[in-house]
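Common to both upcoming complexes is subunit A, partnered first by subunit B, then by subunit C.
Then we have the complex of A and B:
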């Protein structure tokens, strides 16, 4: 039981970090970023390249992932999303663009990094063993979980107390009012997109040390991120964190309890999500109709 | 509803092209592989037409893959395990999908915008995982070596011959898909220009306002979603018959996204948008096959450029649209 909870918390911290980026982009620009999973994969590959191939310290690799993705995110916002949002009659066109970008990033990953599964050497060795094997957790998982929670805390504090964070929260709440108060919408949309992409990159970099990374991980990661956002409510930061931890916990419990019935954990999660959404369409903490 | 003269000419020309000119050109050039491509385009555009209808009521549907998969499995199971005639399984598969759509649609159609988009995307995954988990669908191995469609006859009069005795199966499937595509889009055109179509458009613009003047929005939404899923199921069933097999991975998430892209690319304001979009995307992808490993890169770059220059669909170009506005 302790083992299940520990695994759930560890997974939840990673998931929450992915969902945070997605929900931030959604809150600021009303864009569903289909390419979020691909950004996560790029983050993983950058960390792999810097840490495993150039043999620089893991922290440097993590920063390299973060910066690469922030730049990619800013460029995508400035040159792709901004003109399309301005021109299109129906705002759904941004979804088409996001899907196109997802394909594009997949192609870039394939050409630059190849299609092989990549892993990196362990960042720390050893195993944490509590009370004679009732709770076993490798040290690197603990470290990664800790780093993820640290990133989440930093992100929340940044959104809460910095000027940029305040401006972005104002934008998410009411775009026109924020504009009237002198918030530069274009600038903060770009920063927000970059920040969201950066979070995806950081998780990719963290998780490459545990699970490795490969080309095919992008799509499923996006779907998981969508689920978390739906559980918690789209565009709400607390919702994304709650959604991440709930999904992590459900996956951890499901893999143990439902193991006897075959590989149906995700089926069960999907079906319970649909029933949940029938009663509460806006998710746990979302505003009705976002 | 009166058709204008040049509309009749246009439709006549289109029918001539797909039923006479294309088979003749293929016969002359000897490129028999084009039949498969064009059959796929026709079937995919049927499914995309369904997605387009859900767009018409203001919902972003990324779940058509789920219904195509369901339709394919229903038809395959009926043909293989219960020995039902394939021609009968097409409507059964469609109606089964429509029924599923009603059950699922009642709760999830209350969701809007991105929420509905996300839940339908999840639905695609649910369908795949269900196909993996149920005993009747035979898990990851799927159902293969399905027999070709048999004879369809009424009172001893053969309407459609047994496909295994037909000289050219590819041509037969092409005609089948083309006929269904024409029927599907004629039906959609009629629907959109009917009273229900106008009501659907009111839903797309403002749901509260529509319901405040007495439009039964919940009923309309479910009807539109059921028709959409019916089309998805039909196209899935015929796809099963062409490839003579079906697997959980037959319609992955990428297909669901593609159906949506087809509609977007053709233009959401135009009934025939999904047909053009499907044609462009499918052919574009095939033509780019020659570029080898750069295929996906070029394809997605072109896609992004198209969206940047024509965010409201290809049909919004002025040559297609003399009135000038999308609405």
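Then we have the complex of A and C:
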């Protein structure tokens, strides 16, 4: 049981960080960013390049991933989403654009980083072994889990207490009211998108040290991120965190308890999600009116 | 003045003549050889991209090498080889579209698809359009009569699995085996074959129902129940190169000290990066790359591949063969360039030197025992053990 809980908490921390960026972008711009997974993958590859190939410290690599994705996110918002949102009121336009960006980024990743799975040397060696393998957790996973929780906390504090964070929260609550209060919508939308992409880059950089990274991880990552957002409530930051931990725990419990029945964990999760959404379509913490 | 003009004129005429000759030479070189189009339909994007990309790049590398050295002589005509590729995205519907495209281009020989459902889906298109195709898929029905257009491009798990288990049982004292597979058709069918082979050898199968999603990011929860069964050998059935290092790492971190094996081809660089020393001792099936058996031609192929694409993929040790088989069989019977019936006839008696393996290894079609007809390429079954960034040959066997 201890192992199941530890696995669930570790998975939850990484999932929550993945979902945060997605929900932030949705809250600010009402955009379903299907390219979020691809941004995560780019973050992983940047860390791989800086840490494994250039042999610079892991912290530098993580920082490089964050900056690269922030810049990519800002450019995507400014040159792609902003003009489309201006010209079209239909939500499908941004959805199609996001899907197009996802395919484009997949092609770029293949060209720049190749088709192979990539991994980096362990950032910390050793294993926490409690009571002769009753509870096992490698130190690098503990560190990554801790860094994920630290990133989430920093993000929440930033959103809560910084001027930029307050402006973005105001935008998320009521765009027109925020505009009337002097919030520069375009500027803060760009900062929000950059921040969301940056979070994807950070989690990609963190997880490359544990799971590695490959070209095909983008799509499935986006799907999982959407699931977490749906569980927690679209556009709600606390909801994304809750959704991440719930999904992580469900996966960990399901993979152990249901193991004897074959791979039905995700089947069970999807059925639970459908039933849950039938009763509470806005998710745990979302508002029915949006 | 006149003399100067004459000199200038002579120089101009010489330059023009030289330029004309060079141009004629260039255009002549291009015009001399006809094109022989060979197709590839497989997955070159998404999570399984490395399977198809290693295929396509192997073909492109070998074709460029052949073209650079004057082309391939089939009968009394010399051809430049042109590779036409199509990404089926691991989707059977796309694979059908790809095979139809090959038919529209008049291509009769296609390498791929890479997975079971794609290979099964393209069968009617290939048969209706006289296309011989070389899938990397294991369903026996593709290669058994009445099917006759598919030629298995590698060693199947039901051929390599028993050999590996037998070797490990006899040399390492393996008694208990556990199987883990991705929740997809290929790995699941490979697991089924592996379980049957292990049971036939009298091994105790202690776990055979644990599966995982291919997009799993943490394998510890997946392997925790498997570890409780304390196997001597953990078989990663049909594992993709992307997942292998993560599974190995998770198993070792959970305290597993036994043997780990798979029947699929892997990449040493990927194992080194993803699992480091924890991958030492991992057993897989490779091609002809180990220093022990590779020829100068194989080394040249690796060198050219690396030059063209920046990095070699060890999966290409097996995937270098399909194009070689197509070209050598066409050379053996030039009429089969347009007549696949002749190609099929030639397959029964075909034999040529295997330039990639030391010794007197031959290229020949096999499969009589598994399929009842020769519908498989004979590639060396090199069972390898990963050690410190390289594959070392454990043993070499052949399929009949």
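Convention: the second predicted complex is superposed on the first by the 288 of 290 C-alpha atoms of A that agree within 3 Å, B and C clash if a C-alpha of one lies under 4 Å from a C-alpha of the other, contacts with A are read in each partner's own complex, and residues count from 1 in each chain.
Operating definition for what follows: a residue touches a chain if its C-beta (ideal position, glycine included) is under 8 Å from a C-beta of that chain, and two chains touch if they have at least 3 such contacts.
If you're wondering where the values come from, they're calculated on a predicted model, not measured in any experiment.
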Touching partner for A:266 - first (subunit B), second (subunit C), both, neither: both
First (subunit B), second (subunit C), both or neither touched by A:110: both
Which of subunit B and subunit C A:230 touches, first, second, both or neither: first
Touched partner set for A:219, first subunit B, second subunit C, both or neither: both
Which of subunit B and subunit C A:93 touches, first, second, both or neither: first
Touching partner for A:4 - first (subunit B), second (subunit C), both, neither: second
Touching partner for A:101 - first (subunit B), second (subunit C), both, neither: first
Partner chain in contact with A:120 - subunit B first, subunit C second, else both or neither: second
Footprint overlap on subunit A, comparing subunit B with subunit C: 106, 110, 219, 262-263, 266
Of subunit C, residues touching subunit A in the complex: 44-50, 53-54, 183, 209-215, 217-218, 220-222, 224-225, 241-242, 245-246, 253-255, 267, 269-270, 273-276, 310-311, 313
List of subunit A residues in touch with subunit B within their complex: 26, 30, 32, 34, 80, 83-84, 87-90, 92-93, 95-97, 99-101, 103-104, 106-108, 110-111, 219, 223, 226-227, 229-230, 234, 262-264, 266-267, 270-271, 273-275, 277-278, 281-282, 289-290
Subunit A - residues contacting subunit C, complex: 3-4, 7-8, 10-11, 14, 52, 106, 110, 114-122, 127, 129, 133, 136, 138, 141, 207, 210-212, 214-217, 219-221, 224, 251-252, 255-256, 259-263, 266
List of subunit B residues in touch with subunit A within their complex: 55, 60, 104, 107-108, 110-115, 117-119, 121-123, 125-126, 129-130, 132-133, 253-254, 257, 260-261, 264-265, 268, 293-294, 296-297, 299-301, 303-304, 307-308, 311-312, 326
